[in-house]
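For reference, the structures are reproduced in the following blocks.
In the two complexes that follow, chain A is the common piece, with chain B as its partner first and chain C second.
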Partner chain A sequence: MIQTIGIPGGLMIHRDGVLWKNFFEQLGFHCVTSRKSDRQILEQGTERAVDETCLPFKMYLGHVMELMGKCDAVFIPRMGGFKTREKMCTRYEALPDLVKNIFRDEQIPVLTVSYDWYDRTTEEKVYLELGDKLGKTKKETKKAYIFAKKQQEAWLKSREKAQNQLMEKEGTKVVLAGHPYVLHDAYMGGELARILEKMGASVLYTDYVDRDSALKKSYDFSRVMPWLINREIIGALMALRKKADGIVLVSAYPCGPDALVNDMLIRRIKDLPVLSLTLDAQSGTAGVETRIESFIDIIKYQKAGGYGTKN
Partner chain B sequence: MKKAYLGIDIGSISTKGVIINEENEILAQCYLWTEGNPMNASKNVLHELKSQFDAANSREEYKIVASGTTGSARKLVGSMIGAQVVKNEITAHAVGTTTLHPDVRTILEIGGQDSKIICVENGVAVDYAMNTLCAAGTGAFLSSQAHRLGVEVEEFGEIALKAKKAAPIAARCTVFAESDLVHKLQVGCPKEEIIAGLCKAVAGNYLNNVAKGKKIVAPVVFQGGVSKNAGVVRMFEEELGMPVLVDENGHLMGAFGIAVLAKESQDERAFSFDVADMEFKTREVTCGKCANHCEIICVYRDGMLIDSWGNRCDNGAIKQQ
Partner chain C sequence: MELRIDNRKKVAFPRINHYDYAIRYIVEQGIGAQFILLPPATKKTSELGSKYSPDYACAPFKHSLGSLIEALEAGAEVLVETGGLCRLDYYGALQKEIIRELGYRCDFINLAEYMGGSKKEWIRLARHINPKLNPAKLVTGAYEGVKMAEYMDEIEAMYYRNAGFEAEKGSYKKVYRQFLMEMQIAESGQEIKRGYQRAKQALEELPLKMPENPVRIGVVGEYYTIMDEHSNQFLQEKLINLGASVHRFMNITNCHFRAKETALRPRIREYAQYSMGPTTTWTINSAMDYAKQGFDGIIHVKSFGCTPEMDAIPVLQNISRDYHIPVLYLSYDLQESDTGLDTRLEAFYDMLERKKKVLR
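Entry: the complex of A and B
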């Protein structure tokens, strides 16, 4: 019997975590989350992953390992996407299978739900299925889903509101553009925000923007691009760029969709300085700091109108 | 007494130093190999600058009132000499180059382990890019290939210019380039064509990777150690279809720029060459206060801790003695 559900603190928890947690808790389950990402979590995840997979996935495996023995099942959804042009990357299409296989000796109990763009399903239907799996009635489940969805929306709204206020403030503002699980991971993007803020810049995030309107806007940029999260990033960028002094594109190595989309962005954004950063497992931040410092210098000296001023 | 300013640029391969006066004229200059020891290299640079300064009797005329450091070991050497300005090499190069060439629009730079492009508008940098994960197509790449060919890397440019054509070589990755190179040698391709091919590959790699998506506008200034290679310069001119200017002091531009920034900081404090004879040590400690295990660098002068960095959070902050 499942009583405690473990939610690994990596990947889509940074986007949908509030929804998941509230949904399960509303149905009477207890949720545990692994601690914030750190070097040890990355190292243990890396040890179990195949070399070629991306840094966030390696981190995710480390988080799964943190939950071993602390819950009755680990929640690992298989998300394919809901529409042809709003898919998830292949990593997500295989996520529960990858985890089950990698930890086959440990026999980790996995709670999952599966959907694909060709299923013509909706988010609500997917959650109803999940409730059914957990032995809950349709009515209970629907109520829990509606409640959780509201919580999630309120959470995003509050972040969006705070960010909108920040945007109206004076001073240097830099957009961090990337997948939420890279931007908000304490060991990956969290470092970047810290460095930027230390240099006196305010940080705006592409995921603190209304998702539906961002998604809609992204079709002006590309009609055919097939990835949901990259669409959300692009749409948000289009909205945020008006108020920003610079854009930092953050990608974790090696990300296929980012490799393609960020290249398109660099070529098409001509009115703002763009810095493209690729994070890998290197522990030193010296290279990243140099790049960010140079970038902030460019913005500040541009504003000052030359190098003659004291800085 | 007139004022003078010191700038040191400590790169992975070479360390550069200059002393300038208030008119931005170079009074003393030095360029030597870092040889993996930035502290020693900086001390040697200081010794050399001092003897040039003494030889010209400049010490009676000038007083060094501010100093700056740039390059990958800027922090370390900055705390060693007590520099007022410690800044990244992009800004230092942009400042140095725009001071000497106020009309420059594009700065190409290929150094020992990194390469960058800086786009300039109205005398201020507007955009830049740096090589990412690997050092293919930088000075280190050319040095290793020179070694394989049994040629001094300094002779590369001259040899390349003699070649009738450039052998096609892939410089995207050092591993591929090496196998290309070996293959070309096996099929009897003349050495100068291979060297010309390497120069072309470096220029091509740079334009396709580092300068990707950036608009290259004339006037173009090319600097960094690789700019001393006339073969690469010619390949750039051919690829870009515009003249590429190499300043005779191009290799000193970072040091020059940081000296200019030290001057502009207006933060003045007498500088003494005595630091060149003090004993400096660094120690790397692994912080055990959380699971991040940050590597913290501690710098000691004559046994006393003067600086530390590398901690991701305040838990790892080391108290100064």
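Entry: the complex of A and C
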């Protein structure tokens, strides 16, 4: 009997976490989330992961371990994406099976919801199935889903609004562009935002925008790009660049989609300074700090007409 | 004197081992354009590719970019890049951008844009390459080209299974080379079939010195690296030289014309409930098959950073534990030399051989 559901505090929790939490709570379950990412969580995750896997996934495993024994089931959704040109990285297709195989000895009970671009399903249908799996009626589930979706949208709207206000302010503004679980993870992107703010720049995030319109805009950039999150990042960049002074592309080593898409972005964005940062499991932020510092210097210098690029 | 000018368009596709010959056949006999058949890839190809690729793009990206640039230098007018279910889907878009920035002028066809499209669109695409296209010829050409790929897969499988035990050194290779040469120049379905039959018969007749219990190794892994000899540094060739019988499920025939992913998935239910990625089901299924058939070892091949195959590794580790079968994991980037690989393969083979002696 499932009473407590654990939600690992990594990967897509930074994008859809509000939806998940509200959905389960509305259905009468108790939710626990693992604590904020830190060095220890990363270390324990790294121990269990294949060396080459990406930093956020190692972090995710650490979060799963953090939840062991604290809940009746861990919620690990399998998200393939809903459309052919709006897929997720293949790791999300593998996620529940992957975690089950890695922690086979520990026998973690995994609760999952599965969708794939070739299933031709919708988010609502998927969550109705999940409610059914949990032994709830269709009516209850639907109500919970609608409520949770509203909460999720309200959460995003408030972030969007705050960001729009920030955009109107004077001063240096830098866009942090990357996957939400890199940008908002306390141990990864969180540090970057802190450094940028310390240097007096305001930080704009690519995931605090209206997702639908960002998605639509991204088709102007590329018709064939297969990844949903990268589409959202690009759409957001196109909307934010008018107000921003510089872009920091943040990627976690070795992110498959980012490796190709960020290269394309650097080739295409010619009107704004771009700094491309790749985060890995190194300890200490001194190196990153220096690079950001000089990047901010460049922006300020250019703004004052320093390099004469604007004639 | 009659002056004959070849005004067919010159089409190129990134190298993928000997499948080049089948693609050439489809392009020349089916579409009626000229195919730029490149010589085997060299170190230069990989260097060219990685020079202009993003740092941690996967190795197949670098290899295919290298091939495309070499094809341009050889006079290609139309470059074709394929799409797929992983990063491969974005190869075309980025490679097009890179090639444009390098200043080459050519037509770039990204098949990712046509995937899932109607037959009409594909015909229109073929018409774009050759306006005088004969649709009936395209159909037979494509059919015969596919047939050639199937034959090549069959002969290749025979070769790697037995060549390690040939009675006369070099006899297998000779037949295999001759066969590939015939495929390279074939101009009709008849020639393809005859070449195949001749090769098959010749291989079957060659005397073998097969030991009672040969060391059998199954190779599993990522689509491109496992099939492209240059990318995997002639892994299978090295293994037969050590004296192993090498089996590989993953090839064009099994992948695209026989085994359906959804049909295989119930067989691996024990390890995976869902599809874990484009080729992962095949990898897991064939690894499990090899383990069940009592193979001595499994080699997992992938390019560095290949996400779907990376996610197969934890499953393979479990299979290795459950069936007591050793697995060697090889992750390829663009290596300079293959001494490291030689050492690892020798050690792996020795270990398998010793294990066999002790246990039997």
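FYI, the second predicted complex is superposed on the first by the 304 of 311 C-alpha atoms of A that agree within 3 Å, B and C clash if a C-alpha of one lies under 4 Å from a C-alpha of the other, contacts with A are read in each partner's own complex, and residues count from 1 in each chain.
Basically, a contact is a pair of C-beta atoms (placed from the backbone, for glycine too) under 8 Å apart; a residue touches a chain by one contact, two chains touch by 3 or more.
Treat the numbers as computed from the prediction; the structure is a model and nothing was measured.
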item: Touching partner for A:290 - first (chain B), second (chain C), both, neither; value: first
item: Chain B versus chain C as contact partner of A:134, first or second or both or neither; value: neither
item: Which superposed partner A:144 touches (first chain B, second chain C, both, neither); value: neither
item: Partner chain(s) touched by A:7 [first = chain B, second = chain C, both, neither]; value: neither
item: Partner chain(s) touched by A:187 [first = chain B, second = chain C, both, neither]; value: first
item: First (chain B), second (chain C), both or neither touched by A:38; value: first
item: Touched partner set for A:301, first chain B, second chain C, both or neither; value: first
item: Contacts of A:236 with chain B and chain C, given as first, second, both or neither; value: neither
item: Touched partner set for A:267, first chain B, second chain C, both or neither; value: both
item: Overlap of the chain B and chain C footprints on chain A, listed as residue numbers; value: 253, 263, 267
item: Contact footprint of chain A on chain C as seen in their complex; value: 54-58, 61, 83, 85-87, 89-94, 97-98, 101, 110, 112-113, 115-116, 271-278, 280, 304-305, 307-308, 310-311, 313-315, 317-318, 331
item: Residue ranges of chain A in contact with chain C within the complex; value: 50, 52-53, 78, 84, 89-91, 93-94, 96-98, 100-102, 104, 114, 116, 222-227, 253-254, 256-257, 259-264, 267-268
item: Of all residues in chain B, those that touch chain A in their complex; value: 72, 87-91, 94-95, 98-99, 122-130, 132-133, 212-213, 260-261, 264-266, 290-295, 310, 312
item: List of chain A residues in touch with chain B within their complex; value: 38-41, 187, 191, 194, 253, 263, 266-267, 273-274, 276, 278, 280, 283-286, 290-291, 293-295, 297-298, 301-302, 305-310
